[in-house]
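Structures are listed in the sections that come next.
You will see two complexes here that share chain A, one where it goes with chain B and one where it goes with chain C.
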Partner chain A sequence: MHFNRRNAIKVFGAGLAAGAIAAPAVARAQSAPYKLGFISALSGPSEPLGRPMLMGAEIAVEEINAAGGINGRRLELAVRDSKAKPDVATVATRELVGEGCNMLLGTVSSAVALAISGMLQQENAILITCAAHSMRLTHENFNRNYFRITDNPFMRQGAQAKLMAELHPDVPAWGGLIPDHEYGRSTWEAFKYALNRFYPRIANRTPEIADPIFTQYGGSDYRNYVASAMRSKARGMFVSLYGGDAVTLFQQARPYGFFERKSPIVDSANEFIVSRAMRAQTPDMWVGSHWYFGAFRGNPINDRLYAAYVARTGDAFPDGFLSEGHAAVMAYAAAMKKTGGDASTPAVIDALSGLTFDSATGPRTIRAEDHQAIKPVVQYRLRGAQTPAGFEVVDFRVVPGAEVIEPPTPGAPVQW
Partner chain B sequence: MLSEVLPTALNGLVWAMSVFLVASGLTLIFGILHILNFSHGGFVMIGAYLAFTVTNRVPGTASVAAFLGIAVACAVAVGAMGLVVDRVVFRRLKGVDDSYSLVATYALLLLCEGAVKSGWGGNFLSMSPPEGLGGALFVGDLFVPSYALFVIAAGVAVYLALDLWLHRTASGRILKSVALDPWMASLLGINVTAIFTVAVVAGFALAGLAGGLLAPNQSLSPALGGTYIIQAFGVIIVGGIGNVRGAFLAAVLLGLVDAFGTVYVPEFPGIFFFVAVAVIILFRPQGLLSGIR
Partner chain C sequence: MPHPPQSRPFGVLTPLAAGLVLAAFATLPFWAGKGLVFLAGIVLVQIVFALSFNLMFGLTGLVSFGQAAFFAAGAYASAWLARSAPGLPFILSIAFGAAVGAALSFLIGLVALRRASGIYFAILTLALGQLIYTVIGKTTALGREDGLIGIARPVLDFGLFRVDLATGDRYYFLLVVAAAIISGALWWVWHGSLGRILAAIRQEPERVRFLGVDVRRHREYAFLISGTMTALAGALMAPWSQIITPMIAHWSYSALPILFCLLGGSARFWGPAVGAIVFAGLEHGTRNMTGMAELVVGGALLLVVLAMPGGILGTLARLSGRPAREGAR
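And now, the complex of A and B:
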């Protein structure tokens, strides 16, 4: 084209017109919300675990948006129900990625987390899990796109065994009632390892550890397992049955005098789920938790989260899943502040690796090596009581995560 | 050795009778209407939730008599639901392919789960046995939870009542005749539609009774409908579908196999029920007993 004044005006005019058309799109892109994909069990038996996790994420998104968003952009949550089934979860993950959510969070079940984790690199997405406890996620099956912002069995059961060695040095004989699946076996492995580690050091004696009693998952009758536990010489009992299975077990164990003859009872992770169901019948036991609001009073994030939960539900005892959904959103928000607004997968992965962010349990650091968060491990002692809730928290302990975390060995199994 | 055998057998019988309580209504409906009612577990669950609510809301319901009365009331309430289900769903399933029955009854199960979730929420709940059944008895060296004995007694009582009804009463014989040949029965002047309704209402009432009696046995959640149903189907298939005596026999057999398997091969918890079902079906595909008995 011969470049004279007339053509120059045409080109300039065309440029202005194109600019006028494109400018709102650019502006839209700069002000469009960051989309986070939430995926967890919102129906089926694990719904009571997934719902509070979603509520925590929603509360975090509302708080962040009310404070002006991230780099001037709002956060938006796209929600999918995994039904705690890996096949459903993988389909939901592809849907979320297809909708432009490369930043995913949630999951209760380890099987679901392992399934999603395996497809992250192919889908160019990131997953922060809030509760899935399989050690494989940050060890044998580690990949760079996966992060865990909560504790793991090595930390949780390590802290529980340490506490038992401190509180009950006179009870060296331990046994376990363990559900026969990956989560159950890994919790027992971790608890047994930690008993052998802490009893000699703290109680100055070698623990006597009985073979665990493996139980059926989703059973209606646990009496034979209870009877086997009663025959065992173990006095202390570690129980990692979950949700309704744990309620059924405890209910059927009571007439055998189980709680009189087996003490202390250590429950791996039932939060307030069992006590909410059993109320005054709740056995006296130490329970592992992701978060207990009473342990972090004075932390503004903790206090705001608790107040928001009570305002929404009227319930006074939130489960720890609430704080973990909240913390996952806080982690993404901190990462995007660090990237200066770049929400691309490589940039967010780099920002999350080694990130320290604030949460309801205080600051957490995501280890750069294996993407496992160093966070406080929380336990509380519960028992049935004549209170409006039907139970009470008698005592609680917070163990700094750095004291009980395993060495990072991404790509390799945990060294027990 | 004996100290392990007796408690294990007893626990096997508790499992057997709790599953039989659920399976009895299921097998009765199949025996008469030839409909495999997938929603049966859902109505057991509704019975359990109703018992939970009445026990917690109404004062003075802590006694064994009140507990039994509430279970009977649950049977009546769920039996009434059976009347509605028969009119709205089951009557439309006559003469259609089995796949329609499966879809329709599965939809009913989803409806039950949805109703429980809306009415009681998704959290786990639990109910204690009544006073008098919360403790344990010592029979020699044998330690027996009272509620476990109660479940065994309830299962046997329901079996005897059903057996007497089906074999020793005129209405039971009419029911059996309709099950065997509804056309011939109708020629003899029997109101076959009414008999079908009686069977459905009785089957649903048994579901409600099972729910009420078993409410303290396990946790309650909207997934309770599925907790017993696989075992109940196993029991009615092994017993001979539609056969109450067969279901009772199969429940005892499978309960004992599962209990002893769990105790003596603890590495594989819960697997022996399925192994036993597979082996029995392999050798007796028609079940231990066949036909309505």
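And now, the complex of A and C:
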């Protein structure tokens, strides 16, 4: 009896679920909205990176809809949490594609981006990533359905190492604390390459580069790694842990006198995430960023985005991930204007390849060869301060993307 | 209505329910979306994983916290072989995955079963499992922390014709058939003479030893069968998810089958399968409640474990007045 009732309920439930999935497909008509699938880390250590990305995408969708949509059709976001785990992300991707979202955006983690990128052609979908930095995405693992809207380690860490050679020619000894996965190795390889390239050229000396210290993702105790770094002769320290892991590392490094012994500190990508947690204890460091609102004042997209962020959160320091979620939506919008409303995968891929569109960092161009965006590389110098936020931006640099980008070699590794 | 003495607590209802669930899985691609079909494939693998685990846990009474090591061994070994020698028949890479799992479970069983009682065994398997996790995460040939991505779905070559499993839902149907066959084999072990000895070992190891049965060797059999079948589940999963990361070797992955067993009821053969399906339903239903999902799933599990001793099947049996018999069920 009980089994029969259970099964009846199960079958009924399954029927409901099937109906819920099939209904939108049936109801989809000409004037139905364009659906964009957003996948990013919305929980776990990478949540501080994924949340602003989502907010940026939402703000862009609201702006575009308020202006009448694209070709008279509204935009809509379907949101999924990847938990920064490739297996969770692949389930979410299949689900979104099954619901009719062939245009995907988001992702923090390179492993997630590589996993989704690998299934795009089979699923006939497109992915624009807003942060995933693995060089493999636009090189050895390149496929036509994948696009990167932001900079990459060759560009960003290249610009960071160059700036260090200019500002600190007297510090040739460098080491690194990097997470032991694709993103961490990508950033270190790029930073090391650029140190070797720019120190002889600018500082007129050969850099002494120590082996990097590989750390764990999602760890809670980084003290052993900090202790190893303290023993190293390197004075300059490159850190590419991110999100909650970086916050933990920086907080645990302070009691060791880490920031007195190691200087300069270069942080690859934590925007304001570490300083928001450390406040007045924030060490003096150069931080790599996707977007710094203060560097693009006067650009109407920048100013509107900043105002929308402040209105939503009351916070004065948006992370650069905000502009990348925003830019990915803007890129799809520009592409669909170009196709005249055709949202089919081949049409959108053709439109995105070589596309130039406007963003909070000014115009960006997606290279047709390897689908890497040419965009400015942004870095700022932060330190703790007696301000309401607890920290301040002392200085910033914006390097045009074209000056630091690598030659495109889709299908082949970067030529270091 | 009085019940005649039955060999199984639910009588004809069990095969009927199993048949209905199998039919639901087999027809899923015709009425559900892509995302759900993918998830169902994962659930099928997890059912095999949990049923294999329960052979050791529910039947033999050994609590292992390192079962994910065998799952990962099977997945990584088969994916690695398929990648290194792309021309090899699919069945060989699957068999290789199972063989590596068998070898590993033989070795780990040899060490861990020296201390077969309670906490020692649990901690030993946990430590050895984490060792495998760390080794995979540091091995470049296995993709280190990033895992192996883009694992190809195989082409079955039958001589006269070829079936490309990358097309449509074909690999899913292969999973349904494979899961049914492996579950059938495990059912046969559970209900056969070996299963009865293992159940007796759980209840009274001393008495069984007194009857002239080599208890340790039989525990090793249970460990070996369980590990091998778990590795087989892992090997089947790799081409389905097309990506494997060291997370499948992590202790938290070892906790999954324990959870399924407690949820569905470890005293019954099909309990873990019920647990796996219910758990997947819970997770899928709460996937968009970001931040809240873990809380809801955790709360629901706590409720089931506290309010329903014997799991879902145990409670159903109690409600229908068919209490569990001791021994193999």
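Everything that follows uses one rule, which is that the second predicted complex is superposed on the first by the 386 of 416 C-alpha atoms of A that agree within 3 Å, B and C clash if a C-alpha of one lies under 4 Å from a C-alpha of the other, contacts with A are read in each partner's own complex, and residues count from 1 in each chain.
FYI, a contact is a pair of C-beta atoms (placed from the backbone, for glycine too) under 8 Å apart; a residue touches a chain by one contact, two chains touch by 3 or more.
This one's a predicted model, so the numbers in the text were calculated from it and none came from an experiment.
Once chain A of one complex is fitted onto chain A of the other, the partner contacts of A:Asp221 are limited to chain B, with no touch recorded for chain C. Of the two partner chains placed around the shared chain by superposition, neither chain B nor chain C is touched by A:Trp416.
Contact with chain C, but none with chain B, is seen for A:Ala115 once the two complexes are overlaid on the shared chain. Look at A:Lys85: by the touch rule set out above, it reaches chain C but stays clear of chain B. In the superposed model, A:Asp180 makes contact with both chain B and chain C. Note: residues 180, 217 of chain A belong to the chain B contact set and to the chain C contact set alike, using the contact criterion stated above. Interface of chain A with chain B (complex): residues 44-45, 47-48, 51, 180, 213-221, 223-225, 227-228, 231, 243-245, 247-248, 251-252, 254-257, 273-274, 276-279, 281.
On the chain C side of its complex with chain A, the touching residues are 10, 13, 16-17, 20, 24, 31-39, 42, 137, 144-147, 149-150, 166, 241-243, 245, 247-248, 287-288, 290-291, 293-294, 316, 319-320.
Chain B meets chain A in the complex at residues 4, 7-8, 11-12, 14-15, 18-19, 122-126, 128, 134-136, 143, 145-148, 216-221, 223, 227-228, 231, 259, 262-263, 266-267, 269-270. Those residues of chain A lying in contact with chain C across their complex are 1-4, 6-7, 10-11, 14-15, 17-18, 21-22, 42-43, 79-81, 85-87, 90-92, 94-99, 110-111, 114-115, 118-119, 122-123, 141, 179-182, 217.
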